[in-house]
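Paired with chain B in one complex and with chain C in the other, chain A is shared by the two complexes that follow.
Let's turn to the complex of A and B:
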């Protein structure tokens, strides 16, 4: 039985147990999604958008769906969860192996007009609201894994902000994977609807508390023996007129796990969407970001950093579709590649004939530090309107030898000099994080990973140490 | 902007100036493709057995292939049963000994095109191997070239006179298994040019070939092979014009370049085939495989192309940088208007150490034209210190045209420096205003900006072609420049 058939059997067996299985609209959504997947199957390297990312090993692994897996005792996790706090005033929702755990979460009373609940709970409490929005923005055809998510989604987030509602505190969704006997797969689903004129900050945070050690020589046999899981997550975002969402994603999965994520955003007039994506962990991390600018003057900014080593494989596929005039989009993705790691970037900007006066910028820069690493980048423009300003660029290079020499000639050790320069390369993106506490937290994660990349892991932060105000200083 | 709109319309509506048909009796095989047809082609050309076997292998492989669909091109499926795969002018049977023996119609055709063959040959010092419907009808300066040891002749002659060279190099850069149209070409190619520059020889003149498509429904399948031995240098020019036809015509050429140690090959193309009328009817389908192999150390291959014609252009002149310190260049201007479609670009495959490549691509879209740059820069794991710079700019004239960019970059070596940048824009109102307020007419402004846009590429053309390319742009921009 191949992976596709296994999944179809799983679906048939477990569909009566999915949350909301009594809702006819949801059942038909799941059925049509699984049919869509059955027709497409898993992507092959012959599919243009999977040319550089092979899912063969993923297909060979027999994942069982999270409900069938044993959920370990969670009391011991409380302290570790506390350590992941980003901001004191955050609304923290904790998910263990994809399932919401209110006892571990920390929620304060919500302002008027905001609904914030787990996905499964929302199916009970707000079925009508969900029926009108769920599955409306996701594109099953573009991504077979998204179709799988729609078929199997069991828990996640539902966030609804009514017109003119205000919420200052950020929402922190902490997805924790724990040790399990068998490889498990889970399908978190996040549905975010911001009505007109609502600003909000959301953090998607993926961590693994079972695997903290770094294994640069990870082999296939170790992979099947060790703890590993597959996360297939889908985020659907609807932004009404003048809504403003700051979206952060910090992915720190274990180096044995696989992380397949897709985010679909629909933006209306003068809405603003900013994405900050940090991909540090996982053996395979694939992120699809698809944005539709459907209203005029909508703006979107995508920032991304990927730092990979060992056998890691990271793949970003972005697609921004300009459908209305006067919209602007900006993308900046930077990556550092060490060891046998491989980074793939495909950024697509499509400007439709109606989208005159569009402004689109796209830049992908890569620092390739190892001869056994690989970078495959393809920034793409498809333009059907004439009154536009579109630029894109891509670079692959290494550290400036003159800069290295300059630092070393002034007594800085080679590994420190490397760490400084690599940090300088990605710091441009860290500086774009507005919230200082959040910036500090991400800075710590990024510097830890960077120190590992340049082989400077003798102590925690030998070179770069963020101070209280978020600035960096040398210890 | 009303003025510029009119200018654009006039530009878009300007007629193809090279449209006429020469009445010539041709010696054609029946339409359609089969092993029999391939055997007939081979027999008609008195080819040695290895050629026939190679053609048959290619044909059998072609049967297993599917039409590629990945490009950004839209056209109805081609019916290969309606295509005549071989036609030779009757006059070629005896073989012309000099220009006097060439059918006067052909000479007139060249004159109408503004290519006075003999004049150009004598005055400009250009040796012209003119290909007229698949068979070489005139070869000039052959003797002068032979004196320094250069072989420059039609492909058919090369097969007869230098079979060992053909056997050694044919298909080594573009094997018949390469792609759908390369396999088709290998099976049925009728003629083309062959050039061999021996060790240490610097070709004393620019070599030039003119291709024309003349018989109704005759696909032209040209094959060009250029070999530059150690330390040799050759600059090759190729120019194309074709008469107006209603039916789409297929052209699937293959060009192979091989540069050994310290050799340099420059290959320039001006392509101005019939692009179809302003409703998108007619026009040439141009599916070309061009590839150069920098086999030796310090070798260099440079492609320059000006693509203004054809209803469909599908063409990726590439360089495989195998030798250490070798260098590849690609300079391109592609112009599409009416319903023309171009999907063009290059591949730079870095294999050797210290290899470098430069890509400069300029796309201009007007009317309903669609222009795509598709390129690949690949740095292999052993290509230490590889360097690439790519720049792809697109200019949009009119609101119905489109421009696309698909650059693939694959890097497997940490010492590589790869940069790609691209921009897409129209001529801005500010630019127009700036020039006009200084007393320059709108037409001149547009022409000036477009000339400036293409300058980086035109500069790379040899003198003879730079003139023709500029004339070609002027014709294409008629109405814009007043």
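Let's turn to the complex of A and C:
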């Protein structure tokens, strides 16, 4: 049996057990998704959008559905989870191997108009709300992994914010994978609907915990003995008029993980979507981000950082479709590539004829630290309107030897100088994180990974990196 | 403290320094003047260890050690400082954080305890005042968007914070207006005559203009031409130069 057949068999066998299997609309969504997958199969290297990312190994691994993963004792997890706290006031939802665990989560009473629930629970409590949105903007025809997610999704997040509702505390979705006897796959699904005029902050955070060794300083790229797991996650975001979502994604999994993610966003009039995406871990990380600007004056800003080493492979495919006038899209992705790692960036911007006065900016910058690393970066613009401002750029460079000399000429060692320059390369993206606590947490994750990339002793290195004036400031 | 003997150096296959000799003792101020392209900045860069330059012959002894055998950082830690003619802009690296890293790297090298954030900030702020720099510039990226004069002041700020034994200022005066020049010169003089310094500090001023030398009096003035020091004298040499240009001073047939 090949991977495709195996999945079809799995689906047939488990469909009676999926959450919400009694909901006819959901069953037909799953059925049509699995048919879409069956028709496509896994992407092949001939597929233009998978040209540089080979899924052969992933197909060869016999992943089973997550139930078989070993869940470590809850007590031992509590401290680990606490260490991942980003903000004291956060609503923290903890998922172990894709399944929501209320006893590990930390939720406070919600403001009026907000529904925040696990995906499985919401299928029981709010099936009507979900039926009206779930899967509506997900591309099943050309995204086989998304089709698989829609077929197999069993838990995740449901967030609904009614018109004019207010929620100041960020929502932190912590996805923890544990080791297991056999390779496992999880299909988290996040459905986010913000109605008119609602501002919100959401963090998707992916880490690994091994059931046997609880490493207090969990390092993103540490390879532990254990089996591979695959996360195939889909995030759907519907933004009503003047809704405003700050979306963070922090991917810090171990090299045991393969991470396939898709995010679909639909934006109505004057809505704002800001994405901060940090891809630090996983052996393979693929992110498809598809945004449709359907209402005028909608704005999206995508900020991305990827830091890869060894044999890591990271692939961002973004696609922004301007369908209405006066919208703006800004993309800045920066990557640092060390060792034999490989980075792929493909940024597509489509401007439809009716989308006059569009402003679309896209920039991808890469810093290649080794001779054996590789970067494939490609902007793609399809512009069918005449009154637009569009810019795109892509660079692949090395550390500036003049800058290295300058830093060293003040007594800074070569490895520190390298670390600081690399940090300087990505710091503008960190500065875009408005929440200072979040910025600090992400900054520490980033500097830990950078230290590893430049071979600096993570412990000795005075990681007192420039922030705004923050850290040092006594003024 | 510094002895340069028969120094030859090239960049991209072009020989720029062609047998340069210079000796600087502790406490002395030397001015190096010379037409554009004569190799003044090359000398500063070679001493700092810039990787684009190759030393093909000669030796440099600094405080009794073979300077050319040191890495770039070691030279700085050993007490050599160059204020560059064209200080680099380094986006993303905070000026103040870098200064702290540099100072603590040097202190570590000298087996001194590292300064904590508070002590460091206090130190830096007093030096910032000395050079008349906007404090706000501390919190920007290194030299990013600084005016020409601000960059020069920032170099001097680094010098005052790092307290080297020997400082080489490469055309620090150009780009400074007269008030700024006075302030910077005051700072440099204070640095030179610091009673707390273990040893008297040495100073090499690379300049085109007499006006800097009005504020910082040199003990010796040298004229660099075509990669060699062709004439040395006292302060009167700079005055003569100001009056008559290089034509009369250079060896016959060279000008």
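What we mean here is this: the second predicted complex is superposed on the first by the 438 of 475 C-alpha atoms of A that agree within 3 Å, B and C clash if a C-alpha of one lies under 4 Å from a C-alpha of the other, contacts with A are read in each partner's own complex, and residues count from 1 in each chain.
Here is the rule we go by: contacts are C-beta pairs under 8 Å (C-beta built on N, C-alpha and C of every residue); 3 or more make two chains touch, one makes a residue touch a chain.
The shown structure was predicted, so the numbers you read here are calculated from the model rather than taken from an experiment.
Undergrad: Just chain B (first), just chain C (second), both, or neither: which does A:99 touch?
TA: neither
Undergrad: Counting only touches as set out at the top, which of chain B and chain C does A:397 meet: first, second, both, neither?
TA: It touches chain B, and chain C stays clear.
Undergrad: Between chain B (first) and chain C (second), which, if any, makes contact with A:23: first, second, both or neither?
TA: The answer is neither, since A:23 touches no partner chain.
Undergrad: Please work out whether A:384 is in contact with chain B alone, chain C alone, both, or neither, and reply first, second, both or neither.
TA: Only chain B; A:384 stays clear of chain C.
Undergrad: On the A-aligned overlay, A:406 touches which partner chain: chain B = first, chain C = second, or both, or neither?
TA: Only chain C is touched by A:406; chain B is not.
Undergrad: So in the superposed three-chain picture, is A:87 touching just chain B, just chain C, both, or none of them (first/second/both/neither)?
TA: A:87 contacts neither chain B nor chain C.
Undergrad: Given the touch rule stated above, what does A:414 touch, chain B (first), chain C (second), both, or neither?
TA: second
Undergrad: Shared contact residues on chain A, chain B side and chain C side combined as an intersection?
TA: No residue sits in both footprints.
Undergrad: Under the definition above, what is the set of chain A residues touching chain B in their complex?
TA: 48, 52, 353, 356, 366, 368-398
Undergrad: Report the residues of chain B in contact with chain A in the complex, numbered from low to high.
TA: Residue positions touching the partner: 70, 379, 381, 394, 396-426.
Undergrad: What residues of chain A sit close enough to touch chain C in their complex?
TA: Its residues touching chain C are 401-403, 405-414, 416-417, 420-421, 423-428, 462, 464-469, 471-475.
Undergrad: Inside the complex, what are the residues of chain C that reach chain A?
TA: 48-52, 71-73, 75-77, 81-82, 84, 87-88, 90-94, 96-106, 109, 114, 117-118, 120-121, 135, 139, 141-142, 158, 162
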